[in-house]
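Next, two complexes with subunit A in common: one pairs it with subunit B, the other with subunit C.
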Partner chain A sequence: MTIDQSLPSQRVSDLIDITAGEISREIFVDEAIHKQELENLFPRAWLFVGHASQVPNPGDYFSSWMGSDPVLLTRDDRGEIYVLLNSCRHRGMKVCRYDEGNTMQFTCPYHAWSYSIDGSLVDVPGDLHGVPHLKSAYQGQLEKAKWGLVRCPRVHNYKGLVFATWDEQAPDFLDYVGDFHWWLDNLADAFDGTEGGTEVFHGVLKWRIKSNWKFVSENFLGDTYHGASTHASVEAVGIGPGGKGKRRHGERQNQGGFSKGRMKTSFRLGHGASDNLDYELPYPEFAEPELTEYFEHAWNKRAEKLRAEGRPLGGRGPATMFPNMSFAAGFPRSILVAHPISPTETEVWRWFLVDKDAPDFVREWLRQYYMRYGGPAGMTEQDDMENWDYATNASRGVVARRYPYNYQQGLDREQPSELDRAVHSDHAIAGEVNARAFYRRWAEYVDNLSQQELTERAQVDERIDRIKERQAKSAAELEGQA
Partner chain B sequence: MSTLTHEQGKPQLVNESGLSKPQLRELLADVSDFLYREADLLDERRYTEWLELLDDDYRYSVPLRMNVPFADVADNENTKLGAEVCWFDEPKSTVEFRVTQLMTGVHWAEEPVSRVSHLLTNLRLTRVDLPEVEISGRFLVYRNRVSDETDILVGRRRDVLRRAGDDWKVVRRTLLLDQSVLLAKNLSIFI
Partner chain C sequence: MRVASDLAKCQGYGNCVAIDERHFDLDDDGLVVVREEHVTQEERDTADEAIRSCPVAAIWLEDVR
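After this line comes the complex of A and B, so read on.
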């Protein structure tokens, strides 16, 4: 192990040895590194803020977080979506402490500076509108246009999924996600393939865990290896669509379990998914015939649409969009964000999606399934938190920190992909290729490479070259034997 | 059946059965004793016996709490049972799933088992319509596990009980947990 353990390290990339498949525990517990993440990663990456269906009408808002900063997702009088820093420009008071609501004006409780999202009153929604004693206190000199709520300069509404970044220099959203967008499409499109045909259930699960946020991202990024042990108890019960005793994701019994034909997909840009687009797992069979019928119809309609577009039907995750948005686009269909609080504390938020035009019986079945499956009360996720928390806890010790974690599954066994700058695992369940790519990208951001350098580094995926070299070598060996 | 959400402004007992004050006092003592016994079964992890105290149409509900303006409390402070995302809003069959999971011995969230105490207080009858009674109270659920991991869950609770022979069965349990962001890492115990 060549990782330099002397801290503070100049570069976090020194703590990541993806060639050897070793990553220092420091990146999961160290205060200084956490601060670097907050400074260099979160304000420069595209982050999931909320769903457009949470703010359907003018004046609607939803309180969210981007890294260390509270923000408001708002809709103005013309229907445009904005992301505003939730902190008064005068003394920093959080101008809105409600989780959601409707208002055309945020008035700070401290000194009553007020900010409007009504375009007829201010130039740009979020601008400063009212200031008590404006004339006498500031002799009329206060430049109101300069002191509006800080606006997030880049916001992208992708089929209802609202993302934002603070960095003007960041790449366009579509370049940031690359071919990983197919997974976002499956998340945002309806079960029958209708584009953007989803909304979120009202109610976001929010809970605190004593774990580093990266455990959460990594878990959904492609760690299917944990399922058999971590989720042994829920699988023993069987809480899936098929009824008691049936698999929790709804795989049919003749499909060889959850893994047959599956490969993980790892992007040079850091995103990762537990499956591949050609892994076409049909919707489940339900205990209730009317649900089977509904979802069979949806599957057939989607298959027809996607086949006509030349698009495979797979790509439902679980997956993580770098750095901290995770989701699954099947059973269940849900979004998770791991908000960093400290190196050893994270606030997790979970949203659940449903087709906008789903009939009541489908809506209610999904709601019941989601609640028994996910979140802190969910029979699956409960056991994840136990592992993340106590893994973080037992990695804090002075001696423990001297020993890296092992990320050697599938090392130098990556498989080629037709997707842009992506490779696959060679195993359906094992394989840590996604995590290795995630942490490499993480280190590039945290080491504060410029956006230009970040783009240049990810221009080429040298893993693809190594696959080609390996293939050429084995072809030559075969020829030699012949 | 009204839910806790709409309890405000209706503090009076609704005495449909026309019981006298001494009869109501005796009823409250009887019902309280039942709830304390039930809490003991849970805290002693005697889940099979505990499940027998839940009637077949049992429903267990814990909505999410949200930060809302004073004027919106009645309408929006809690997510809506039966329609929106809640911590729990489920029938007895799902509760049975949870019990099965707790008894597998590989449910890591509760292995090693937590130390749990259910405290009940402020108990009062809010509706008597025999064979059913509705009882309102406060709960404090203390959980300690492994070493220093400690959770304190506090809030309001409303139960509907139904006469079953000499004893009672729980028909409905609705809890309002006084947290919007859950400060416990999970809810792997029954509140």
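After this line comes the complex of A and C, so read on.
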């Protein structure tokens, strides 16, 4: 399938001027561009599908989406994880219409073709295992091996976080992620630093917003600028760990966006985080002393473990792994995927994570906190959704579309980073460097550069050269003054 | 043990026949026919596999009363 050629061919990179810090509104509202995203970006990027703890046993499945396609995350009889296209090979019926469950076979509701994930019955889980009236309908000749559920060729289980891509040519997952993996580690590891010590807590919250999916990615990627205005009322209510008068993520007043030494981190590969690895933010003080004690213990254990490994303690996000997996690895600890529905509609899924060995009183506290914080009824989430909905709506107009958005914060003020092909903002709150890098990467995918070109382009981060030039220039100026 | 079947459930997938021809066959309508009810100890594994392979659980083993 290729893009409808009747559309005026346009390169989306022409709509993005990261040197001037201007991005056209078209990329947030235009049908044709949305279609190009679905064709060229989502099937070629690594996407978050679900968590291994959602399918712990043989036969477990979880229904998810990868871009425009419904998929099933399954575990076969040998414990292997698969990602299968949830669409019958006969007439395309959604073979499984449940959100999650356990079965060794998916029998299509339409004409009952039956697919098995039992490796003792079929060669590869997902294969077609039977069709009604095989003898009379196909004279026994149907080549079952050819008509199994479409299997996602590349699946990577990173400490329980399951990612997949449809593209055989895509880089290995670890190359795709690069040094951004430190943020994924903090998401997947337990609060006390135990590797992969987390699991999904209860179900997944799902809801739709009348907004472009990129608003969600961009917000988590490093938009700390919106906090003070957008979330003012939430802060006034005091929904955080410390209760009234305390902040919603549990930071002390001199921490978080207000702290010294905090910078955003932006990767050439498109990923971004609102913080940096050297920025340590200990777990909060709670209104309940037993929680403070529990988390203090966890923090000390983690600090000891990580320091022994020579690993910095920061990197909690909020962050976005390109293109549409956002998360925060602290309070709350939650994954949020923005599934594209149309240019102006997005289905948001929120997973919450909890330490596998967390005692009941901690789970119960987190459950309450997660509910008042996130999801369609959570207060922080409502604040953000309101903005994204109205921003999308007010950007669709004929006149509105003539005027680009402004992404000029921190232009040419990027700071060097010790991480591979990454730079930092020069301020904790101001700085749109992350968004500029995200949209540049986005355009490279949507303009359908080959995987090889994508890799080559991201081989160098010319922002680092610019920083060096700037430093050399100011050093020369200083010398001139002397 | 003996084989039992439920023709109301059978959809004629024919999986059972492909695995265990001794006990199962298809009739002219493509539905299952039990050729041989009795399952010996040696035949047990094959019969079990055939039964597990039926997508609609139309066949099973029962004790001989």
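Criterion: the second predicted complex is superposed on the first by the 466 of 482 C-alpha atoms of A that agree within 3 Å, B and C clash if a C-alpha of one lies under 4 Å from a C-alpha of the other, contacts with A are read in each partner's own complex, and residues count from 1 in each chain.
To be clear about the criterion, a residue touches a chain if its C-beta (ideal position, glycine included) is under 8 Å from a C-beta of that chain, and two chains touch if they have at least 3 such contacts.
All values reported here derive from a predicted model rather than from experimental measurement.
Asker: Regarding the shared-chain residue A:381, is it in contact with subunit B (first), subunit C (second), both, or neither?
Answerer: first
Asker: Let me test your reading of the model: by the given contact rule, A:371 touches which partner, first (subunit B), second (subunit C), both or neither?
Answerer: In the superposed model, A:371 contacts subunit B only, not subunit C.
Asker: With the two structures laid over each other on chain A, which partner does A:389 touch: subunit B (first), subunit C (second), both, or neither?
Answerer: So A:389 only meets subunit B here.
Asker: In the superposed arrangement, does A:188 touch subunit B (first), subunit C (second), both or neither?
Answerer: Neither: A:188 stays clear of subunit B and subunit C.
Asker: Looking at the overlay, does A:201 come into contact with subunit B only (first), subunit C only (second), both, or neither?
Answerer: In the superposition, A:201 touches subunit B alone.
Asker: In the superposed arrangement, which partner chain does A:105 touch: subunit B (first), subunit C (second), both, or neither?
Answerer: After superposition on chain A, A:105 lies in contact with subunit C alone.
Asker: Spot which of subunit B and subunit C makes contact with more residues of subunit A, would you?
Answerer: Answer, by number of touched residues of subunit A: B.
Asker: Output check: A:23 vs subunit B and subunit C. Expected answer is one of first, second, both, neither. What do you get?
Answerer: Once the two structures are laid over each other on A, A:23 reaches no partner at all.
Asker: Is A:133 touching the first partner subunit B, the second partner subunit C, both, or neither of them?
Answerer: A:133 sits against subunit C, while subunit B stays out of touch.
Asker: Where on subunit A do subunit B and subunit C both make contact?
Answerer: In the superposed arrangement, which is not itself an observed complex, subunit A uses no residue for both subunit B and subunit C.
Asker: Per the contact definition, I'd like the list of subunit B residues that touch subunit A in the complex.
Answerer: Going by the criterion above, the answer is residues 62-64, 66-69, 72, 79-80, 82-90, 93-94, 97-98, 100-101, 104, 106-109, 146, 149, 180-188.
Asker: Going by the contact rule set out above, which residues of subunit A touch subunit C in the complex?
Answerer: Interface residues on subunit A, with respect to subunit C: 105, 107, 112, 114, 118, 120-121, 129-136, 140.
Asker: Which residues of subunit A touch subunit B once you look at their complex with the stated criterion?
Answerer: It comes out as residues 97-101, 201-210, 230, 232-234, 236-237, 239, 244, 347, 352, 364, 367-368, 370-372, 375-377, 379, 381-383, 385-387, 389-390.
Asker: Touching residues of subunit C toward subunit A in the complex: what are they?
Answerer: Counting only subunit C, the residues touching subunit A are 11-15, 26, 30, 49, 52-56.
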